[in-house]
Amino acid sequence: MLKDITLGQYYPVDSVIHRLDPRVKLFGTLIYIICLFVSDHVAGFALMTALLAGVIFLSKVPFSYMVRGLKAILLLLVIAGAFNLFLTPGEAAFTLWKISVTRQGIRSALLMIFRMVYLIIGTSIMTLTTTPNQLTDGLEKSLSVLNYIHVPVHEIAMMMSIALRFIPILIEETDKIMKAQMARGADFEKRGLINKAKAMVPLLVPLFVSAFRRANDLALAMEARCYHGGEGRTKMKPLHYRRVDGVAYLLILLALVASIVVAVLF
Amino acid sequence: MGIIEAKDLVHEYYRRDEEGNVESIETAVDHVDLSVQPGQFISILGHNGSGKSTLAKHINALLLPTEGTLLVDGKDTSVAANELSIRRNAGMVFQNPDNQIIASVVEEDVGFGPENIGVPTEEIWQRVEKALKSVGMWEYRTHSPNRLSGGQKQRVAIAGVMAMEPKCIILDEPTAMLDPDGRKEVIKTAHELNKKKGVTIILITHYMEEVVDSDYVYVMEKGAVVMQGSPREIFSQVDALKKYRLDVPQVTLLADELRKAGMNIPAGILTREELLEALCR
Amino acid sequence: MSLILDHVSYTYSIGSGYEVKALNDVNLKINDGEFIGIIGHTGSGKSTLVQHLNGLIQATSGSIYYNGADIYDKDYDRKELRTQVGMVFQYPEHQLFETTVFEDVKYGPKNQGLDDKKATLRAYEALRKVKFPEENYDASPFELSGGQKRRAAIAGVIAMKPAVLILDEPTAGLDPKGRDEILGLIKEMHDKSGITIILVSHSMEDVANYVERIIVMEKGAPLFDGTPREVFANYKKLEEIGLAAPQVTYLMHDLQKKGYPVDPQVTTVEEARQEILRVLGKK
């Protein structure tokens, strides 16, 4: 169950998308999200689907990998979908028992589900094709202007990259502790909110303790390897734009324009 | 002069209560003298709580002496300005393989140290290649550390240190969390680096069979060095080793028992072949 | 009273494209009161195997019977099974969570539905069995030394009074002193209370000194199953799969090759000493 979370899981293959500058991918993802919210028509869906399919194809990451991230939000999707379906006022399409479903409800539920699903798939393309280090390098570089107003950009980026590195380890650890407590008779499927919360204590306390221990060890290991903040640091993989990145920027802007045009026309 | 020179080294941990008053003082390192020559392979034996890890952290300037001095490559660790150059010259590998790998890709992790000390990009790549090849992990350079075995992760950690081109590497119980295959892998790698690259190695462990091929062995107990000498000198004192609850290898133990039973077997048997030869004479 | 595995197989990540067959048609009978060592290197399926025994992992195919009852039967109480077949995981101290050691040990018995008084008694008994120092009963489990944490965690499982106790690498990360103490403790529990013990380990020498029966796992199935002497007789084959017999076993084989009439099936230092003195002592 926990292993389904795809966040921070880099998929190591060599593809055009993998080789793009992370700043391009960050910018692209941002534009992609804007496009998603601009599109509210079948034509917009079609355009986004085509774009997404193209990028997935280029990335060489198996489609099943991206869909896996959806399992985690399935419940959220169902609930949010139901809310939209039943609670949107408007012209009734059909009536289920006493609740009537409106045309507008169907439309907004579909739109919501479409946006959520595409959002997850789109952002997971970014994390699947970019190593956490590249991602944080990209963020650090893109946000470096903030340094002037004393935002510790390097530190934040380092924190993020470490967090991403440890997510899979902590997930595995959660699994282990859960099993160990189940072997001591713990029941994680108790009913009722308070009972559920109580049952989580034997899982969460050891998890926190372990996370702190790891943090301590890691800080020591980083210090031992001469880490002393961002000052005077060089980069193994410095970010340089290449021609393909320029092309990608152009394509991203084109996609934005196209989706705005589609949204205005239809 | 040696590459590491400890003189009368003392380290005390202060335990404080909630108001910050000193509750108790624990002497983790108790007047230790240590001298390591460049190119040597040194082992420090002792069980948990014997002070061997505290001592190790001094060599990397992660801890500073309460009393006495420690010179690494001629530089005093207690001088703050020496900190970075000491850490570069005396790299450190820790026990838990997961908690010392920083990046999510093997090569990026090996590049982390050189990045910190400001090595130019092109040279970082050369160093990463050299370091990964020296531990036999070059084929895994684009892998995620999470998919590697414990022994492989430790080799990546060693490469991460090698990439800083240190004169000396301190391995602080690098095999304690590994299976037998992983343990052999790591010890073999350490010996190879020592022989082929001339790196000084300080191996801290509680497994006696890992120190057989060292040049010199220190045994620690309650913060103090209680035995020191060549492996053969150490292994010939089976009773003392048992007293310190160390894990005497089966053949050494057997040879000692047989000698006590009146058989003519020399002291300090290290390997199966030696015992066989002694028995067949 | 026994545990029987009947054609048990287990496959990881079915349908994801990279399926791993962790257990491959395992047939096994574990009798009451046995002291068993399960050996194999990382990835041989030994940990997966023992997690089947208390129902934490469910087999992809095959059946498991505990005391004659099929544990996969839909009416079978698997929560009860988990208290009957106790399991101490690798690095068990990582599961400690209560404010005091004593409260932590009571967690298992309380989950079994015992009242506070009975759980308290169980905790006392368990902590005494693992020789946990009494002055630390009320200490926070996070302030203890490594060896003591391990004891507290083991007490947390035996407080449930399991009939079978499985320990997965109980000595991992401990120094020789701590290791001998924990293994000695386990042996004592087996000898005194007669519970079945299953010890998962990758150290041949540890296991040879304590257990009565060794099961060697390789590629998801038992490769050898017998007394330490029987199993170590296959030392050549063991070496091929990356496991080694105890050093003394090798020595005895070497001596035999040199023409000395020694019994090569020796697994401990004491046995080797007697055997060498018997044959060579007169020299």
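As written, the chain order gives the labels A, B and C, with residue 1 at the start of each chain.
Everything below uses one rule, namely that contacts are C-beta pairs under 8 Å (C-beta built on N, C-alpha and C of every residue); 3 or more make two chains touch, one makes a residue touch a chain.
This is a predicted model, so every value here is computed, not measured.
Chemist: Common contacts of chain A and chain B?
Modeler: Where chain A and chain B share a partner, that partner set is C.
Chemist: Which chain pair racks up the highest number of C-beta contacts?
Modeler: Counting C-beta pairs in contact for each chain pair, the top pair is A-B.
Chemist: Can you give the whole-Å distance between the Cα centres of chain A and chain C?
Modeler: The mean C-alpha positions of chain A and chain C differ by 41 Å.
Chemist: Measure off the straight-line distance from the CA centroid of chain B to the CA centroid of chain C, and report it in whole Å.
Modeler: From the centre of chain B to the centre of chain C is 30 Å.
Chemist: Which residues of chain B are in contact with two or more other chains?
Modeler: Residues: none.
Chemist: Within their complex, state which residues of chain B touch chain A.
Modeler: Contacts found on chain B: 57, 60, 62, 84, 87-88, 91-92, 94, 96, 98-105, 107-108, 111-121, 124-125, 128, 142-144, 146, 160-161, 164.
Chemist: Can you list the residues on chain C that touch chain B in the complex?
Modeler: These residues of chain C touch chain B: 41-42, 145-147, 172-178, 180, 202-203, 205, 242-244, 246-248, 250-251, 254-255, 258, 269, 272-273, 276-277, 280-281, 283.
Chemist: How about chain C: which of its residues touch chain A in the complex?
Modeler: Within the complex, chain C contacts chain A at residues 16-17, 51, 54, 56, 79, 82-83, 86-87, 89, 92, 94-97, 107-108, 111-112, 142, 156-157, 160.
Chemist: Using the touch definition from the top, list the residues of chain A that touch chain B in their complex.
Modeler: Answer in residue numbers: 8, 10, 12, 131-133, 161-162, 164-165, 168-169, 213-214, 217-218, 220-228, 232-238.
Chemist: If we count contacts the way the header does, which residues on chain B are in touch with chain C in the complex?
Modeler: Listed in rising order, the residues are 47-49, 149-150, 176-177, 179-182, 206-207, 245-247, 249-251, 253-254, 257-258, 261-264, 272, 275-276, 279-280.
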